[in-house]
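The next part holds the structures, each set out as structure tokens.
Both of the next two complexes hold chain A, though its partner changes from chain B to chain C.
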Partner chain A sequence: MASSSSTARVRRQLPTSPWLFAAPGFLVVGVFILYPFVSTVVNSFTDRRTLIPGEFVGLANFRELLHDEMFWIGLRNSTLYVLGVVPALVLLPLLLALLVQKNIPGITFFRSAFYTPVVASIVVVGLIWVWLLDERGLVNAVLEAIGVGRVGFLSDQWLLLLSAMAVTVWRGLGYYMIIYLAALANVPRELHEAASVDGAGPVRRFFTVTVPAVRSTMVLVGALSSVSAFKVFSEVYLMAGPDGGPAGEDTTLVMLVQRTGTGLTGRVGYASAISVVVFVVTVVLMLLVLRADRKEET
Partner chain B sequence: MSVLEKVRPAEPPATTRQRKGRRRITDEHGRRIRVWELALRYLLLLAVLALTVGPFLWQLSTSLKGPTEDIFSSPPKFLPGDPTLHNYRRVADTIPVWDYALNSLKVAVGNVVTNCVGAALAGYALARLRYRGRKVATLVFILAMLVPAESIIIAQFTTMRELGLNNTLIGVVLPGCVSAMNVLLMRNAFLNLPYEIEEAAFVDGANAWQRFLRIALPSVKGTLAVVAIFAFMGAWDDFLWPLIALSDPSKFTLTIGLNYLHGTFANDERLVAAGTIIAVAPLIALFACLQRYFFRGVGEGAVKG
Partner chain C sequence: MRISRRTLAAAAAVAVVLPLSSCGSGDDGAGSTDASGKVEGDITFQTWNLRANFKPYFEGLIDGFEKKYPGTHVKWVDQPAEGYADKISADAAGGTLPDVVNVSPDLVAPLAKAGLALDLDKSAAKYRKEYLDGAWASHQIPGMTGTYAFPWYLNTGPLFYNKSLFEKAGFDAAKPPTTYDELFADALQLAKKSDGKVATLANVPTIEDFGRYGVELMSKEGTGFAFNDAKGVELLTRYKELYDAKALDPQALTATPESSGKKFLTEAVAMNPGSALDLGNFKKQAPNLYKNIGITDQITSTGKVNMYVMGVMVNSRTKHTPASVAFAHYVTDAQNQMSFAKKVAIFPSTAGSLDDPYFTKEDGTDETRVRIAAAKSLKNAVNYTPVLFSEQMKTALRNEVAKALQGKESPKSALDNAVKACDTLLKQQG
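Now for the complex of A and B:
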């Protein structure tokens, strides 16, 4: 951050002009982010509906959550999503980054190609995989050809959730790969050389040199991917359908927010209470990951 | 040429000609790579390539298969027997796909313009102008960045209702039209500029607006490009917010239209496939043209955390 003493001299300006510069940004962020945030919290204590202003009901919404089976299903699925997706997204993109790190001919092409799923919109990705994992789709055709037989990826509650996780991981590979590539570029090669001289093989070097060197990036990837995994919506919505698959068993929390809070009969107050839970859990996830990082450093 | 050349500028060329005249492949440290290791590397690369790009090609292939062709054949046929663009015409007959694409384009371009202008202005104010409350102003944007969009989506919906903007494309653009993240990205870019270049203009009597427009802004074109690319992709790809904000099918963006197509006509995969290709092709083209800025941007973002 550049803050030298000479900065004080750049001061000739109207006292209002900084605020004019920042005004559009403040306006948008204030009206469409901060105000909605405050009203989410306020609404969570009311029985507001889309067309009815609603009244203060205290903790009634939160008490209702405790007995709402759908809420627990959503919380379970969102949590499982984090547990399933995050380890894969911390590890696999690192391996992929190591694979594309060396500057061999054509590597630029491979790097770009591996990034394609990130570029493609999530809806496109979701629909492609719905087609691939269909009962009559390509994956099942291959499985049948090799004698495994057809698998109901999209009809079984657990397989569907697993498939959605796989799609999230598939789409995240390229994104986190690039983050790891930048981190790997900063690993001093002397470390690898020293380890090689000491007779460490590639696997040994991976654990003794690479992993410690990119550890803070792993924490960053863990934080980013856990927060976004907990808020998962599109993949599951597209693969399981708006109602969350068989008997709604694949509903995630954000799907529940969308389903409860929208439409003319939307329970805005109740959906806001679920939103508050989503917010609190994401903040806790962030803090947990960051704390784990700090602990290991000391 | 490496996509990360800015990060690792000192690399020797990937291939060097040795004295014997034989081409040898070397790694980034100039050491020779053994042939079997190289072969293994390419084998793995090709495997990952099949896994990441294969699904798109399969979708493209499906979209080109004619109505008489069996798309469920076992073993699967990877190349369409008699390639046809018929399905693309049929998508357009089924849903107004070009209107949806136009809506998406309007939203995406709107998002690019507002983000570039708004984030550059606010970023400059945060980084370069001196005033009381500057730290608080920065904090406001940091806090806004930390609020997950998914957790305020219902309140955004009611806010938009209060403003009478639901079910309009403007309503789709507004919540993300100056993202806090982009403001902070621009702030960092401006902070990294040396003060000296602005001081000269200051001594010459240039006011804040002139310094911003003539000197600071041209120096942060790279970051501005990154903001533009992310704003475009973010808006083009967004699903949850347009799904909530739009109810009138004539206003749908492409992502919502595709979901609608999938829901209504799930029985003909050729149509859905053609629709997804229409949605993804412009992005892949854009990405192919701008991939250099793109990777640099993602890399920079990661380094700065």
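Now for the complex of A and C:
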């Protein structure tokens, strides 16, 4: 049994110890997350360039954004990306998870196969899709053979964006499928059995049992995929090229940040202002998804 | 020890204020510009994607320097080609720029403006006469006095064409186009004959193409761009004709030099610019193409072909100015440039080197023929890309050119927009 003086010593030490234990965490968060974030916000109010510190310019960067054609193109494309990709990434992985949910012989192979695009390097994935969709690629060869003729997947502004969306969905299917598999494992079997006894077929059971049971997971998938869709970079960059497609018409906001803020003549202040807009829109997007979820719950 | 709220608040305030401190002018930290002292000390030398193919050459070069100047030690670092400018900008911004850096003129310009490149007219003027006049001038920045890098190797190259594709279109493959008029006429014919399946060119016109076509790129004073003149509009109008007829590859609007090179390799495109270095690639990667390869001179309206210049810059903040200047000169002197040129298809920028039999005497091979022709053309070649033409400006031009080719803008208004955007970026660069 500890003496009263040692108890007092422990009490005195307690407030410090947690901080010491947490210090490495705080340090990492401070240096690698908070500092760059605060730095970006501060830079967005300056005319800082890569090699020139710049000066405080107030809201000038944000005012310039309003008149920057490329910014509006980027905002349009990032928004379209969310609208095009998120519904597919909420629904398709759920259907895929239902398919591979059953424990039948050989199903592990299919689960792994569907997950493969997730672990494949995005650069390799991008290159493969570029080869497939090239004017002289496999897809066009097939289309030509069946009499459709060549399609400019990589030269038409809208087809390029759609192709990039298809790649994003293709890559995301396996990842979200795993999340849904975990959620489906927690759906009580008795509910399905009860619904079957009541005469519900597979489609009805899907809508009355499965969907309500995984609704919170669908919201999570919706929130995660909408944030990553709004911040899309790699797929569009690899398929549309560094300029963002013909005349830059496929540029997304993050591509614009990269293009504007990097290199020896990069406009770091202006690129930071675009980053701040991306951050604000992303937060708003998350809040909207979560709010919609709460409304449905009540 | 208890951590008070005040301590936490102070730490938070420091975290917030710390980034603001980086907005200040910062410590100048400039090194000496005097290169006349004793050559000694440890310096770092950075090259641009050269280790993979030329490791023994550079190790020998460094050994030679260290033997010549005991007391020196050169640490060699090599950076990949991809993102090289970003790597330099990160180093420059972080104060970790190597002492001696392999650069191109467009990289030197912002570094010189930021005071990070040593003015060689002040620190190394005695070496000036060793180099070709044009090469020495290539690292001078409009609006600034001085020269900010030793010229290193030069490169230029012919236009390759696919004889087989030309023959299929009914042309005499021994008579490739030599003027812009012939080029455009042949390209339209080739597209027509192949029903739009074979394009002649795979890249949209770049600033170099405008220069080669005879367009005035910048105002005489160097304070603004001028490629929206009648000649520039004419070039873009002719490219639009090619694009509409599929004589310019439909994917040209998103092409990079690498992707258009691949198109030529796969015989989807009939012509492509290149260098003597490419012949080896054709032989190895596309033997069928190599059998049909035709080589002709760059097409130009000015009579002067385009050349690319590489330089070696000395960091003005180096702590060992004499050693850094001596090493940069050593790398680029006539003897070492000549020995490098014999290992790879590049050309020395030192005076008189191009008269060496290696660049003048035929031996019957294609490689030698290309090398001799290129060396000859280099004597009055021009680096058409203005040194102040940044990556952002290149993007602005490409985007406007794409709009004109797609018919979304007229060539005139597209070029007006591009000039306006580039002028704005030029002003922002300061």
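Just so we're on the same page, the second predicted complex is superposed on the first by the 273 of 298 C-alpha atoms of A that agree within 3 Å, B and C clash if a C-alpha of one lies under 4 Å from a C-alpha of the other, contacts with A are read in each partner's own complex, and residues count from 1 in each chain.
We adopt the following convention: a residue touches a chain if its C-beta (ideal position, glycine included) is under 8 Å from a C-beta of that chain, and two chains touch if they have at least 3 such contacts.
What you see is a predicted model; the values in this text were computed from it and never measured.
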| item | value |
| --- | --- |
| Joint occupancy of chain A by chain B and chain C, clash or fit | clash |
| Contacts of A:247 with chain B and chain C, given as first, second, both or neither | second |
| First, second, both or neither for A:57, with chain B first and chain C second | neither |
| Touched partner set for A:152, first chain B, second chain C, both or neither | second |
| Contacts of A:34 with chain B and chain C, given as first, second, both or neither | both |
| Per-residue contact with chain A, leading partner among chain C and chain B | B |
| Touching partner for A:88 - first (chain B), second (chain C), both, neither | neither |
| First (chain B), second (chain C), both or neither touched by A:80 | neither |
| Which superposed partner A:98 touches (first chain B, second chain C, both, neither) | neither |
| Touched partner set for A:265, first chain B, second chain C, both or neither | second |
| Contacts of A:136 with chain B and chain C, given as first, second, both or neither | both |
| Offending stretch of chain C which, after superposing on A, collides with chain B (from 3-11, 57-65 or 75-83) | 75-83 |
| Set of chain A residues, in rising order, touched by both chain B and chain C | 15, 19, 30, 34-35, 39, 43, 48, 50, 134, 136, 241, 262, 266 |
| Residues of chain C defined as touching chain A within the complex | 1-3, 15-16, 18-20, 22-26, 85-86, 88-89, 92-93, 107, 110-111, 113-114, 116, 249-251, 253-256, 259, 266, 268, 390-392, 395, 398-400, 402-403, 406, 408, 425, 428-430 |
| Chain A residues within the chain C interface of the complex | 15-16, 19, 30, 34-35, 38-39, 42-43, 46-56, 134-136, 152, 154-155, 160, 240-243, 245-248, 259-260, 262-267 |
| Interfacial residue positions of chain A with respect to chain B in the complex | 1-2, 4, 6-15, 17-19, 21-22, 24-26, 28-37, 39-40, 43, 48, 50, 96, 99-105, 107-108, 110-117, 119-124, 127-132, 134, 136, 138, 141-142, 144-145, 170, 173-175, 178-179, 181-183, 185-186, 189, 217, 220, 227, 231, 233-234, 237-238, 241, 254, 257-258, 261-262, 266, 268, 271-272, 275-276, 278-279, 282-283 |
| Interfacial residue positions of chain B with respect to chain A in the complex | 1-4, 7-8, 11, 14-15, 25, 27-29, 33, 38, 41-42, 44-45, 48-49, 51-53, 55-56, 58-59, 62, 72-76, 114, 117-119, 121-122, 124-126, 128-131, 134, 137, 140-141, 143-144, 146-148, 150-159, 161, 174-178, 180, 183, 191-196, 198-199, 202, 205, 207-209, 211-212, 233, 236-237, 239-240, 243-244, 254-255, 258-259, 262-263, 269, 272-273, 275-276, 279-280, 283-284, 287-288, 291, 294-295, 298-300, 302-303, 305 |
